[in-house]
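Lettered A, B, C and D in written order, each chain numbered from 1.
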Amino acid sequence: MDDIQTRLQKSSRATRQDYFGKVICYSCIGLIILLVACILYFIASKGLATFTKNGVNFWNFLTQSDWKPGDVDKYGNPQVGALPMIVTSFSVTILAALLATPFAIGTAIFMTEIANKRGAKFLQPVIELLVGIPSVVYGFIGLSLIVPFIRGIFGGTGFGILSGTLVLFVMVLPTITSLSVDSLKSVPMHYRQASLALGATRWQTIYKVILKAAAPGLLTAVIFGMARAFGEALAVQMVIGNAILMPKNLISPASTLTSKLTTEIGNTVMGTLPNNALWSLALVLLFMSLLFNLIVRFIGRRGNIKNER
Amino acid sequence: MKKKTIISSLLALGALMAITTGCSNSSSATKSSSSEVSGKITAVGSTALQPLVEKAAGDFQKDNSKINITVQGGGSGTGLSQVQDGSVKVGNSDIFAEQKDGIDAKKLVDHKVAVVGMAPVVNKDAGVKNVTMDQLKQIFTGKITNWKDLGGKDEKITVVNRAEGSGTRATFESAVLGGEKAIKSQEQDSNGTVQKIVSTTPGAISYLAFSYINDKVEALSIDDVKATDDNVADNKWKIWSYEHMYTKGDPKDATKKFIEYMKSDDVQKKLVKDMGYISTNDMKVQKDSKGTVSDK
Amino acid sequence: MNAKKSDKLATGMIYGLVGIVVSILVALLGYILYNGVPDINWHFLTSEAQSFSAGGGVRDQLFNSLYLLVLALIISFPIALGAGIYLSEYAKDNWVTDIIRTSIEVLSSLPSVVVGLFGYLLLVIQLNMGFSILAGAIALTFFNLPLLTRNIEESLRSVPDLQREAGTSLGLSGWKTITKIILPMALPGILTGLILCSGRIFGEAAALIYTAGQSAPSVDYGNWNLFTETSFLNPMRPAETLAVHIWKVNTESVTPDSSAISSASSAVLIIVILIFNLGARYLGNKLFKKMTASK
Amino acid sequence: MKTYDFNQQYISKIEQEVALSTENVQVHYGKSHAIFDASLDFPRFQITSLIGASGSGKSTYLRCLNRMNDRIAQVDGKILYRNTDINSKTINVYEVRRHIGMVFQRPNPFAKSIRENILFALKNNGINDKKELQERLETSLRDAALWDEVKDDLDKSALALSGGQQQRLCIARSIAMHPDILLLDEPASALDPISTSKIEETLKLLSKSYTIIIVTHNMQQASRISDYTAFFHMGHIIEYNQTKNIFTAPEIKATEDYISGDFG
């Protein structure tokens, strides 16, 4: 056997490097999975205790609207009904995402396809800046500007889903925008050139070629935006009114899962029903975001298949 | 392939362990080494009490450099459950341990370090300055819904309650509602937010600790008694409660020294007043966990 | 409607949307800066916070925020990088990858208070770290990871496959190709993600209340010994950050000048983020140029 | 549409020394079968071109030869290089690629300086001697006929070069590794005629010391530069022979029709 033949069969520096790299990457992803598993287990074990240990009926939890885990109703059952919060959380998240998406994608298109370099260069840091503003500041601005504004136009107290939506709209805007920019940027240049060369107008190119190619990335951006809206507590809590009532309309005080969770968790004692019930809210939150995720993924996949054809 | 995944997950686990053991080592290393009274005190709980304890701890440490005190918030419930578990030395609470489900009050020792008075506050344009205790009750139970019924402006009443389970709410409801349930309404958990909401929302009513009442909101008198420290001291003003620092069993060493300091004149005469609390020494009456008031 | 008209109409609409977004941004930033900047002065930046008397500053909080940011990035960036590389280069397109991706996305939607409490029970209590910067940094890592990982993955993916082929066809290992060829090209995108995450770290309060704590014991800025209690570098000390301070001042503070402190702190926060943002971008571009030798 | 019998094959035997050969190579992308029973011998120090319509499988086949399809397709059969089956799982693929280099359809220089583009892989293979590196840099660039154009700008970004220059840089980068065999996947298809002819000249010169296998859809190019030609259709190798035979007297009708442009 000559030298090359043996070298072909032996492992070399490159194989070792590759092995090393794989070990590192697999460990990292392993660590994340371990972490996710830990958190999920933690929340699930606490959140399920409400039903297993404290004997709350799961169906009642989802469909009743009386939330007073400390008290019992006239039949002696604990009052743990999370429906108003589930409805409100869904409403603000979807409304905020619906409102923010056109603005965010419009801005992203502007930054990647239309604006000259200087315009984009100015907008990007400003948008990233907004991510860093603490929720509590958003909350206070909402309280001092948005709530009176809504009150002035629609009457009532001004607290409610509409105010929550508007605050969340501003909060998720930067997240969706900057992720959309990334995904639009990753559409290869030759797609644009090919389309323009075929005589398509700029808008046709954007609409038919670029947005289609970037669709999965844009969806991800929206998911992340919704995720932020879902998980947001401090800001929403200040403007939504924080009342456990079925929202009758967009301007009646309501309460989201997170705002309830944040307000009360410090006042409850670990291991008791009021505490476990709050963890059940966290669990619902988790399932809701899982659901959203799957829906968006499903839509994304169908879009992809269509594109391929 | 499978083997690699197992190896890598083991590695990940190992990394986590390394991080954590590394940390606990360094923290235990900083703990020991001293001759006189030394130690580390962690006090967790009530956010309302936190500034007082924090400030007192700062002053205390100037003379007791060997004692390290960490003061954190997290809420009364957190404070009580953590001190009960023994994870922290002191649990700060604005509520009696007896009033909290899931807390075994017998195991804990109560140190009352201050008294806090609370008053109903309303938005300025409600046009009402005085209510009777019964009217107040009817407002919070939803029976009176307009300020004009109390001689004020024709304005809907917006009730802003405090977070369920908070000490402030427990105190208010036991003094005012007398066992009835408050209507479902907006809830907020912090004095600052409540103050801001009441001051900006027409027709709003809520209640605040004395120290948070300023000229942006209108503090109501009840049955013509004004919300003042003196009225609290002889229980003419009914809505007040203690600020507690709980320890598990009798405090020892550093913790004992610190709690003694909290009760000393240094703190009671100066700090407590500066922070807008009422000193326990000034009180002419006392209250037990069931809300029964007796002469001291 | 013909193509030209709809092109004009669409462009107009995009301009309209951007106009609204820009005016919101400008109004928001303007509001914060207008209210806050007049109260910022040297004394405010260099003195300690006061519990209940006026005239407190944010020296410690400002330092803590920066220190926590650095620590959190040191912990989360390598993990996110490894995971991002895994997802973009090694992961096969099957249900396992789908589960991994979904779980990462779910992690990102957890409310920060849940992450904070989890961190509190695991790190502060179970692992006996106490309220500390380290516990805070690890808690921040928890919800930094999804966004950062996702971002790194996307950035790596956006590098054309041709580059990977160039590397492999030369007999380079996959690892070398990724780290030395793909990664430098993905750098600008990764940087964006990093800046977004830093922003989030700066602005995060709920998760830190339970982990890094909400008190800022005075520290000695001359003490460089990491392991002493008073050292400003000690990662085991509790630390209140600027965002937590704003939260605390707004919710429970009895200081007479709390609203001034709050708005000034917000303004300081924004200015710091801006500096950090521009600085990171500048350095990143320089690094990118150096690594790719494009002048 | 004419009908052809694609099982009809004409594969001529090689009389020279064989550098690389394949036996019954099959390629599957998921469920679709892309290459059927490809068996060919490639003569040493000659240029062999693979021709055929788009989608005929010629690129896919080429990429098997240095295992570039590892991640995306399943390749069965034997690929023999120095009496070793390099398609076996136990083979060190990095070593294979060092001996069998590849240049792609679109130029893909690294986003690094010209110098680094050539030297990066060398350094990673443990060559650290400055003199040798300098020597290889210069020879490879000279061999790729690029030296005179870039010798003063070695530290400039490779991305600043023109398309043709970039492609020659990629060739130089490949030959700096001193491979045995050079695979080229339509290297000139994205270039203008002048650049194309420069590349062709370069390849002619290189064939003195390298075995070259080139995929092209440009039949003039195949006839101009290659010694042997294989015609691919629908994943089958239809005919393989000396280039002059293929272009003057093809054995099979399909080949003839393709070459004369009267196909399909």
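Just so we're on the same page, contacts are C-beta pairs under 8 Å (C-beta built on N, C-alpha and C of every residue); 3 or more make two chains touch, one makes a residue touch a chain.
The UniProt protein names, listed by chain, are A = Phosphate transport system permease protein; B = Phosphate-binding protein; C = Phosphate transport system permease protein PstA; D = Phosphate ABC transporter ATP-binding protein PstB.
Owing to the predicted nature of the structure, the values given are computational and were not obtained by experimental measurement.
Student: Shared touching chains for subunit B (Phosphate-binding protein) and subunit C?
Tutor: Both-contact set = A.
Student: Which chain maximises the distance between its CA centroid and that of subunit C?
Tutor: Here the answer is chain D, farthest from subunit C.
Student: Measuring centre to centre with CA averages, how many angstrom lie between subunit C and subunit D?
Tutor: For subunit C versus subunit D, the centre distance works out to 47 Å.
Student: Using Cα averages as centroids, what's the distance between subunit A and subunit B (Phosphate-binding protein) in whole Å?
Tutor: Distance between chain centres, rounded to whole Å: 33 Å.
Student: Find the geometric centre of each of subunit B (Phosphate-binding protein) and subunit D from their Cα atoms only, then give the gap between the two centres in Å, rounded to an integer.
Tutor: 77
Student: Find the geometric centre of each of subunit A and subunit C from their Cα atoms only, then give the gap between the two centres in Å, rounded to an integer.
Tutor: About 17 Å, centre to centre.
Student: Where in subunit D do residues touch two or more of the other chains?
Tutor: Answer for subunit D, listing residues that touch two or more other chains: 94-96, 124-125.
Student: Tell me, which residues of subunit B (Phosphate-binding protein) touch at least two other chains?
Tutor: In subunit B (Phosphate-binding protein), residues 47, 73-74, 85, 193, 196 touch at least two other chains, as defined above.
Student: By the touch rule stated above, which residues of subunit C touch at least two different other chains?
Tutor: 160, 171-173, 176, 250-251 - these are the residues of subunit C that touch more than one other chain.
Student: How is the touch graph of the chains shaped: line, ring, star, complete or other?
Tutor: other
Student: Using the contact rule from the top, write out all pairs of chains that touch.
Tutor: Contact pairs between chains: A-B, A-C, A-D, B-C, C-D.
Student: Which subunit B (Phosphate-binding protein) residues qualify as touching subunit A in the complex?
Tutor: 4-5, 7-9, 11-13, 15-16, 47, 73-78, 80-81, 84-85, 100-103, 158, 163-167, 181, 184-189, 193, 196-197, 200-201, 204
Student: In the complex of these two chains, what residues of subunit D are touching subunit C?
Tutor: Where subunit D meets subunit C, its residues are 66, 68, 94-98, 101-104, 106, 108-113, 116, 120-121, 124-125, 155-157, 159-160, 170, 173-174, 177.
Student: In their shared complex, at which residues does subunit D touch subunit A?
Tutor: 81-84, 86, 90-92, 94-96, 99, 124-126
Student: Provide the residue numbers of subunit C that touch subunit D in the complex, in ascending order.
Tutor: On the subunit C side, the touching residues are 160, 162-163, 165-173, 176, 180-181, 184-185, 291-295.
Student: Going by the contact rule set out above, which residues of subunit C touch subunit A in the complex?
Tutor: For subunit C paired with subunit A, touching residues are 3-4, 6-7, 10-11, 13-15, 17-18, 20-22, 24-25, 28-29, 31-32, 78-83, 85-87, 89-90, 98, 100, 102-115, 117-118, 121-122, 142, 145, 147, 149-151, 154-155, 157-158, 160, 171-176, 178-179, 189, 192, 195-196, 198-200, 202-206, 243, 246-247, 250-251, 262, 266, 269-270, 273-274, 277-278, 281.
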